[in-house]
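Letters A, B, C and D name the chains as they come in the text, with residue numbers starting at 1 for each one.
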Amino acid sequence: MRVLWMEKGKLKEFFYSMKAFGELWGPIQKGKTRIYGKAENFSDLKLEPGRTALPIKKLIHPSKFTMFKYDKQEYSTKLENIPRRVILGVSPCDIHGLLKLDEIFLEEEPDPYYEKRRDNTAIIGISYCKPCCDSCICQSMGTDVVDEGYDLFFSDLEDFYLVWVGSSLGDDLVRLNPAVFHDDIDRTKLEKFVECKKERDKLFACSIDMDVLPDIMELSYDSPIWDELGDKCLECGACTMVCPSCNCYNVIDEVYLSEGKGKRFRYWDCCIFKEYSLVAGDHNFRENRGERLRLWYGHKLNSFGPYGRPACVGCGRCVDACPVDINVLTVARALLESK
Amino acid sequence: MKRRTITDITRVEGHGGISVDIKDGKILDIKVNVYEGPRLVEQLVVGKSPRDVLNIVPRICGICSLSHRYAALLALEKALGVKVPKATEMARNLMLIGEILQSHVLHLYFLALPDFLGYGSSIDLIDNHEDLIMLSLGLKSFGYRMNQVLSGRMVHGENPVLGGFGLFPERSALLELKEKSQEFIAMVQSTIELFASFEFPVTYDKEITFMCLNPTDGEYAYLGDSVVVSDGTEWGIDDYKEYVKEYVVPYSSAKRAKYKGKPFTVGALARINLLGERLTGEAGRYYKSLYSNNWKANPLFTNLAQAIEVLHCLESVPKLVDRIIKLKEPGIVEAELDSGASVGAVEAPRGTLYHYYEIENGLVRSCDVVTPTAQNLDDIEKSLKIAGEQLISLDSMDKLESTLEMITRAYDPCISCSAHLIRINYTDKDS
Amino acid sequence: MHEKEENSNPYLPEHARIVRKYNLSSDVRFFQIRYVDMDRALTMKYLPGQFMMFSVPGVGEAPFSISSTPSRPGLLEFCIREVGDVTSALFKLKENAIIGIRGPYGDGFPLDDIQGHDLLIIVGGLGAAPLRSLLLYALDNRDDFGKLYLLHGARTPEDMLFREEFLEMMERDDLNCLLAVDEDPTGKWKCHIARVTDLFDHVKDIDIENTYAAVCGPPVMYKFVLEKLVNIGIPKNQILMTLERRMKCGMGKCGHCVVGDIYTCMEGPVFSYWDVLNMKGLI
Amino acid sequence: MLNKKRIGIYSFTGCSGEQLVILECGKYLLKLYEVVDIVGFPMAQSKNTIMDLDIALLEGSITTESQLAELKEIRDSAKTLVALGTCACYGGIQSMKLGEGDWKKRFQEVYGADDKLYNKMKPMESKPCNEFVTIDYYIPGCPMDKGQFLHTISHIINDTPPHLYPFPVCTECKWKENDCLLNRGELCLGPLTRGGCGAVCPSHNIPCVGCWGPAEVTNMPSEYKLLLEKGYSQIEIFRNFRKFGGTPMVEKLKNMMEKLR
């Protein structure tokens, strides 16, 4: 992979030059939270360790959108209206989250909505010499580093950036302003990189023992833990909404007042909701909240998607989101203690 | 004796009817009954926290929910020693202006205009007066947009809280309001001219007693600590119970109010009569050219008064926005006290609205709400009687009915709120 | 009218016409449909056990097993029970009405594996929908299969889906057609009055080790039938069943049908008993 | 459309918020008038009837005998009944003290001991429409949301089933990327309240007060325990649960207390 470096002060210039590709986005402050939002100015961007309320999935797999419209004659989609965007400042765990979603949405029969948004979005990752926050578990999940799924990746090494070019689109972006990049990476730069990573590794406050957890998860199918957690769970859906690797959605038809016209739209669903797995005759395959939580944690900590790997990318969002403290950390702890 | 009941005055908000007693071709009595079922709102808030009060009292009325919220805020904040920054105060005033605009627009275009143009509903206007319909829809949406920006949503927005705003309105949204407000000026001017061209079916010669808040800064505004009356008196809002005396009638679920034993009128017409001289800009120009002594006696001028106020509200938006965005974004001021009692009053779209609370250890001990419609009901009856006597000789019952309805509507009675003005005497004193 | 192009949006339904429909029982109706696009109608490929997503604009989508056999191209057949929004809307439509369909989805029955073996088809209630497809396929390709049994149970004769069709099949000598009802209020039932599981007594001369069984029916039926099949010695990986889950896409995207990490719509809806034993929560 | 559906919009005890929302539908309102016959809408038109209705939209809760009689008449004449807003769906704020003490005494405390008005008005404690007649569809909210109203009414007019979000306010609150108020220690009813408002209040840093009414599936005991842990008193918590909870909340609280005992 091609690796370049950039002086710290040049990022602003490069940022604006990417306007040639599309809208400029990145982590910005909205009230009390940080979100991925449109950045009119480089100074709007929060380029420092920290986490956005929703992961980057909200831009590729939006919380709700119209799939297509229909009338008496036909069904029609307008994929060409999906804007082109550059997102600067995507965290490694969020990129891993996208890779998980890619497994679902791009393999077998690709989902055209996801695919188009993915194609139209330039992902520019960034990492720092510090973890994003105290609840990050990316180190345990092996998602603190990333080597695919982005177009460019910036390692913020305090006085300069190392820049990985991850795709041909990334290369095109570099070409928009080649003068700000250098390819003469010397030894001191590499040393700085290694040193920085080592420093960061020491700073993670949370961890999960992923060597044993998938097996324990498997063995705890009938554990009373699930009922205990089920008693506590508020069934509010917060954990699934904020999780970068949750892909589930629901589909609803909407008719217009005038006859014969309408649209079908999609919105994020959540396997913790009772209605999620209800079928005819009011039969529910996961009647109890505990069973539903078990499914979710099974996905996050044991096996998910076509490759059967744990889906959790260690972003720590569920740790912050759940009002009653049910999250990968507490569940992992409970499982490990109960065995 | 023949008794006619015009059940359910249509095109007013809520549930009310007029009953007319006629004997030997003479009107014996006309009564406005309010049928609305009881909610006992003032009683619901007893034992609740100030925050609860702010969730509950706006629900008294959907059309002027922010006026209720504002009056309650003023009372509660005064009682608990909260003094909000200027920016908060001005943003709240802007919010009130939005509500007055939106409420007046609903009344003028949706409820009153069909009367004057002879249609059964405003939607029927679409064929011949599409421009008016489109203007009214646009204006109303703008009013609701103001509600949304300032209070959080169209109706019952919870954003204005004790001590400030949950989220202070964004600068960009305020600027959007400023810009958008100007789009309607010309069209509203033609609406004023349209209303000025209407002939009234009844004449009045006796002057009405008017009442409204007296804005301290000398402007035409909707807030003040004292009340001016057309008889020349002025008194502080804390004394409202002495001047606005409530009483019950057996035929209606709404209380009434009298001033010195006589009916009186509050609302747009009262404000224009008492404060009209203060109007500036285009609104001031229209006031000068249209105002006459007839406005002092005929309640049907309320429509014109409202139309002028719509223009005034639109003209006020840019001024207020400019002042707000110059100030520092205010935070929420916390209450210092947990006991106290006070009155808060605002000019709601339909007139002066009083809220009174007594708080003890953080919970409401007693509450009193006096709504504008309650204050107007006696005068509505009075002007219906005068009109009835003029019209009975016409011997056309239909004409009588429709004219009485039209006069009732002119007062823009928000009957759903008038049903809630029953004073509560239990103050847990004996319990 | 919309035509399916290569690489077009897989969520867009294609137009199909309801050619014929009639009642199979009080709440189950038979639908015969055909793609409006004749080319598509004739070239569509599918396997018994696969399903299609039906779309009624304004109402939504629901999955239904194909009841017809790919060996008779052109028309697609379904039997549908009225349970909710989409099904009620379908019931209201008249013949000739246009609906949207997309598919086929799922993994059908592993025909390559079954071929050359004896086959028991065990049907309860609406389980007739997917299994009729397998049965008709086997009959149309009779030489590819060994002994062929149909064991079909219903509550009453009225409830037996495809009753006439199956009664006619009793005449065939290349099929052992065993039909049973729990009770017979009509008094005219000429076949068995028994439970499906009792019909096993009439299954003879099959090479147990080399027999495949395909089961579909209400959840309660599985318990007893599976036990029986295991008891008579049919290998667990040769016992096949099709399962129902809530589905919103049919392509492993919406997540609703997931069991553990298995997407029923992609890896199913046909599973073997061995799968079921290995994947907690499947039935 | 050949046979236009006959629709009526009627109001009982409430703040008229739903009718205002309908009037604010702008061009959709004009469209609605085009595709159906609005034969009853006393707030907006002069000629009104309750006869031969296809769809009746009801606002407000029932608080007098005459309202009850009218409600029953409307049920008899209408094919489909839709409850608009939290008052009609659950009883509204005026039902928040339902079952607490002697209602007639409360009434008299307000109107005086003289029974004249009581006998004339024949009032009763506020209850939602479904306490008396079958309601076919519900559009909760105080006031209801314009989008949800248009969605539901379009579906009913076109004879297709409407779908309102089944999930609680928190779900949409996450979509809005708010900082969770419950986690900040506020008494937020988001997890117990039906979604659909777009999490307006939390988006303004204000805890949800529950104006969309109780969501069907919730874990109230857990939220209750959580709020106790956060230092709220039982009285305060119940007061908030009941503010917009109407009749379903009475039931839910009873069940919860039984469970916790």
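The working rule: a contact is a pair of C-beta atoms (placed from the backbone, for glycine too) under 8 Å apart; a residue touches a chain by one contact, two chains touch by 3 or more.
Please read all numbers here as calculations on a predicted model, not as lab measurements.
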Chain whose Cα centroid lies nearest the overall Cα centroid: D
Approximate Å spacing (C-alpha centroids) for the pair chain A, chain C: 39
Inter-chain centre distance, chain A versus chain B - centres from mean C-alpha coordinates, in Å: 51
Chain centre separation in whole Å, for chain D relative to chain C (CA means): 44
Rounded Å distance between chain B and chain D, as computed from the means of their C-alpha atoms: 25
Multi-chain contact residues (two or more partners), chain D: 155, 158, 160, 205
Per-residue multi-chain contacts in chain A, two or more chains: 31, 252-255
Contacts with two or more other chains, residues of chain B listed in rising order: 167
In contact (per the touch rule at the top): chain pairs: A-C, A-D, B-D, C-D
Of chain D, residues touching chain C in the complex: 155, 158, 160-161
Residues of chain C that touch chain A when the two form their complex: 1-2, 9-13, 57-61, 81, 83-84, 100, 219, 244-246, 248-249, 251-256, 258-261, 266, 280-281
Contact set on chain C toward chain D in their complex: 56, 58-59, 85, 89
Residues on chain A engaged by chain D in the complex (per definition of touch): 30-33, 35, 52-54, 63-64, 231-238, 241-242, 252-259, 268, 270, 273-275, 289, 320-321, 323-324
Residue ranges of chain B in contact with chain D within the complex: 8, 10-15, 35-44, 47-49, 52, 55-56, 59-63, 65, 106, 110-111, 114, 120-124, 126, 133, 137, 140-141, 144, 152-159, 161, 165-167, 248, 250-251, 253, 416-417, 422, 424-426
